[in-house]
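For reference, the structures are reproduced in the following blocks.
Common to both upcoming complexes is chain A, partnered first by chain B, then by chain C.
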Partner chain A sequence: MLLTLAAASLLRHRARTILAVLGVAVSAAMLLDMVMLSSGMRESFRSLLLSQGFQLRISPKGTMPFDTDATIRDGDSIVTILQGMNEVKSVSPVLGGQLHIPSASGTIASSALGIIPSVEGDYELVGGRQPSAPDEIVANDALLRAIGRSLNDTVHAGAGYDSQLRSLTGERVLRIVGRARFVYMASEQKGVALPIATLRAMQGHAVDKPVSLMMVRLAPDQDIEVMRARLERQFRKVNVISTAEALKQVDERLSYFRQLAAILGAVSLVVGFLLVTTLVTVSVNERIGEIAVMRAIGVRRWRVVAQIVTEASAMMLAASPLGLMLGLVTARYLNSILARFPGVPERIDFFLFQPRSAWTALGLLAVSGVLAAVYPSWRSASLPIATTLRQEAVG
Partner chain B sequence: MTALVEVRDLVRQYPMGEERVAALRGVTFDVDAGEYAAIVGPSGCGKSTLLNLIGVIDRPTSGSVSIGGARVDQLADSRATEFRLRRIGFVFQRFYLMQALTARENVELPLAEAGLKGPERRERARALLDYVGLAAREKHRPSQLSGGEQQRVAIARALANQPKLLLADEPTGELDARTGTEMIALFDRLNADGTTILVVTHDEDLARAARRVIHMRDGSIVGDERNR
Partner chain C sequence: MNVVTISLALLLATSQDSARRIAIDERLAADAGLRVGDRVSLSATPGDSGRIAIIGAILRRSADPAEIARGEYRVRLHLTELQSLLGYGDRVDRFAVGTTSAQAIGDAATRINSAAFGFHAHRSRDIAVQTSATFAVVSRFHRAIGVITIVASAIFLLCIMLLKVDERRRDVAALRLMGISGRTIVKGVVLEATAIAVFGSIVGVAFGALTSWIVNAYYQSVYRSPVRFSIVTGDVVLLAVSLSLVLGIAAGWLAARRLVRTPPLMLFGR
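On to the complex of A and B.
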């Protein structure tokens, strides 16, 4: 009976109901996007950091990984000590730099990572194989396209480029043996990885053996924070950060996004709330006589409220899947725009869909919808019955 | 006979700007159980106000209303609602049926509110529609029924929870003469079957059909006569 009356009330003004549902769906979509944005980057970053299985990252004192060009001198000695620890399963040293590769359209500059292929954690092979000789490299598609080369081609490359003399320094002939997708690089960033010893030699650092970053994978059941503190005490010239610490720092840097998301999310929630309140108020005012009659024949006040709240809930229910779809489509589009930001790793999603985000957004919307309906319905059910009926009769 | 309705010194004033206008000026009368009484008088004399106060959908400024020996004029909202549901049947001039519901569902509405479950509720609603001669129209919506039929459905709805008292405010006001006559006959039958009826009307035929006629003017009772 209650459902029949609620459905009939919604169907009485179909166009209005449809428009209201669309409005709530847009509000739901925006709310979902904002909830996704507020937690998406953090979650995405977390999964990125954890994806390669390294729990600790060691960078030069006072820097974050690859924040600056600073390196740890004689990093290999630290690597050797770390590899000797029972608590450490593996260590992946990385040296950052650039490779300059002459091509038909000029000299192409590419980010270069010096790595140890057997323990690297910076890329995923999508073709070919890992470098197994000093002159072998893997490159990403952006670089291969730019230099017009493919697997098994050789390239002349230098670690430096003198633009006055138009000549390469630290020049080598290298062979492309693998195609890679670099985990921490932006989507259009050109990237190449080669054995760390080769890159050091090309940079003229074969003796001091610098390292930009060391990624440490701990043995099972190790307390990450205990190891982090121990390594930082042991090696004074480095920063050791755990994934949790890195996430904390990322959190601080992303606070702007979260605040933006919170404000826009709140605005969309308020818009949805006002939309439902307006619609319910209009609808209730149209049936004030009907409500007074229901009360006169003994229908309890809460039952009248329940009927109207049911109507609002039904609208929310209808708007939810629509809002969900709209939110996902919008998020995908916005993601594609934001992914073009320079320096943002390709695998970072600004709007990461998580079921929890959807439930949070829809839950918030449902609660606001119910609250939006409660006041006008309670008010209408509390009007003096006799006066209302008299006014209806006169009207 | 014992009094079913006892009205004592009933006053109802409405604020109008800074003034207070009296709709009832100290009305006192009783309605016995099983009685069929009509309240008549010119528009604005307080007939409907009196009916609303007896029907517990309004509160008096002073005075008291007792039904079945219990004071009802100061009941809390929830208790007043419960009282209306189980003890009083309302019939309005404009029928006021739920347009979205069928005739049977309209009759079921107070039954559902009283807690009657599906099959039993439907059966009772059908029996009531049969009583008012509308068994064949149970699935029709109000818009598919004539005025007289709608009023019959409204009467069936009013009788749903077997109230002690049926209150009707101008029940023939929107009906043509022939349908009005049918309605008068239905009220006669209801009364003969034991329902106490208090009806407010301008309809002389309906007033003549009642056993008792209470005349009102300017918020007071000015006459009270028995028809037969």
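On to the complex of A and C.
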């Protein structure tokens, strides 16, 4: 009965109801997008950091990993100490740099990572194998395309330029033995990984053994924060960053997007709320006589309120699936725009769909739908019956 | 451009004339409690004893959007001093070259690049385009969000106008029965919609300007930057007002046409 009356009332003004559902659907889509944006980046970055199983990252004091050219001098001594700890399962030192590879179209510059292949956590092999000799490298598709080479080809590469001698410095012949997808590199960034000792030798740093970053995998059941604090006390010249700390930094840097998501999400909710409130108020005002008659023939006040709240909730619920679909489509489009941010890792999703996001958006919509209807319905159900009937009959 | 890290430690001893003078930015000065004349130790590696320098100036941060999210500190020192501190020899990251005229830029770049090995000459304009790629992405994102907002507003506006006109069904029915033409009624409703749209636009522009002021005040304090995050320009106002007027008038016209096409007695509920 309640549902029938609510449906009849909504169908009486079809155009109005359709427009309201459309309006709420767009608001719902925007709300879902903003919920996805507010949590998606963080979740996406967290899973990226944890994807290779390293819980701690050690970088030069005052810097975040690869934020600057700074390195930890004699990093190998720290690596050796870390490897001797029972709490540490493995340590992956990384040295950053550039390789310059002459090709037919000029010299191609590529990001280079010096790694220890057996413990590296910077890339996934998609073809070939890990480097096992000092002159072996893995490269990503962007670089292979740029230099027109493939697996098992050799390349001449240098770590820098000597402008006066017009030659590359640290020049070597390297063999490409693997195709890799670098986890932390942007989609079009050219990348190569080679044994850390080779890169150091090419850069002329074979003696001081610098390291840009160390990634630490802890033994099972270790308290990450306790270990982080301990290592930072032990090694004064470094920053020890846990995943939680890295996420905090990411939060700070991307706070703009979270704030934007909060503001636009709130605006969407308010727009949906206002739309439903306006429609319900007008609809109730039009049916004031009808409601008075219902009350006069004995329909209880709460039932009148329930019918109007049902109408508002039905509008919200009808709009939700449409809003969800619209939200997913727009999220994909918006994500494709933000994915072009220079330097953002390929795997980062700004709009990450999680069932929790959809439920949050749906819950907020449902609550705002109910709230939008409560006041006008209660007000109409509280009107004096006799006076209202007389006014409606005469007026 | 490469970014280098310099460790900076405040020393409490008295100043020495032989120490070099450096300039730091106001964010670093505020966070580290440094003032002009203070002595600091500079080193390229954390924990090293470093070299003594005196703070000779505190610089106001430029309105560079690229610096916003990074929250870095800036220290400026003589080139030779930095090269020596970092062990760079006579290496530099970049040269800025001034040409005799704007027309000479292309020729100069071509000549430099034909002779260059290990470096490349770029026009400042090209570098500006490249370094502003982040903001181009943000701008595209804002535009996309703007389109969604416009769609939502259009539907909202149409709904409100429909309701507003629908509220007058009895008045319209009476006017029709008195012999007033449907065209006159539509004109009247459109005029009313125009008045509402104009008034709404004025309020909207004022609200937008206020919001823009709040956004700037808030983000300038959060990021401690003089960058203006939101600018209300004539173009933006023109676009917003035009959209509001077009949408408002179109919504009023559609709703009025729908009403005048309904027989008057039906509008009376008979």
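To be clear about the criterion, the second predicted complex is superposed on the first by the 387 of 395 C-alpha atoms of A that agree within 3 Å, B and C clash if a C-alpha of one lies under 4 Å from a C-alpha of the other, contacts with A are read in each partner's own complex, and residues count from 1 in each chain.
By definition in this document, contacts are C-beta pairs under 8 Å (C-beta built on N, C-alpha and C of every residue); 3 or more make two chains touch, one makes a residue touch a chain.
Just so we're clear, the structure is a prediction, and the values are computed from it rather than from any experiment.
**Q** Taking the superposition as given, does A:330 touch the first partner, chain B, the second, chain C, both, or neither?
**A** second
**Q** With the two complexes superposed on chain A, say which partner A:356 touches: chain B (first), chain C (second), both, or neither.
**A** Touch status of A:356: no partner.
**Q** Where does A:301 make contact in the superposed view: on chain B (first), on chain C (second), on both, or on neither?
**A** A:301 sits against chain B, while chain C stays out of touch.
**Q** Just checking: does A:289 make contact with chain B only, chain C only, both, or neither of them? Give me first, second, both or neither.
**A** first
**Q** Tell me the contact category for A:248 with respect to chain B and chain C: first, second, both or neither.
**A** neither
**Q** So in the superposed three-chain picture, is A:145 touching just chain B, just chain C, both, or none of them (first/second/both/neither)?
**A** neither
**Q** On the superposed three-chain arrangement, identify whether chain B or chain C touches more chain A residues.
**A** C
**Q** Intersection of chain A residues contacting chain B with those contacting chain C?
**A** none
**Q** Residue numbers of chain B touching chain A in their complex, please.
**A** The touching residues are 48-49, 52, 55, 57-58, 77-78, 81-82, 84-86, 88, 90, 92-94, 96, 98-101, 105, 108-110, 112-114, 157-158, 161.
**Q** Which bits of chain A are touching chain B when the two form their complex?
**A** Within the complex, chain A contacts chain B at residues 1, 4-5, 7-9, 12, 289-290, 293-301, 303, 382, 384-387, 389-390, 392-393.
**Q** Going by the contact rule at the top, pick out the chain A residues touching chain C in the complex.
**A** So the residues of chain A in touch with chain C come to 13, 15-16, 19-20, 22-23, 26-27, 29-30, 60-63, 67-70, 73, 160-163, 166, 236-238, 252-256, 264, 268, 271, 274-275, 278-279, 282, 330, 333-334, 337-338, 340-342.
**Q** Given the complex with chain A, which residues does chain C contribute to the contact?
**A** So the residues of chain C touching chain A come out as 2-5, 7, 44-47, 69-71, 116-119, 133-134, 137, 140-141, 144-145, 148-149, 151-152, 155-156, 158-160, 162-163, 166-167, 219, 222, 258.
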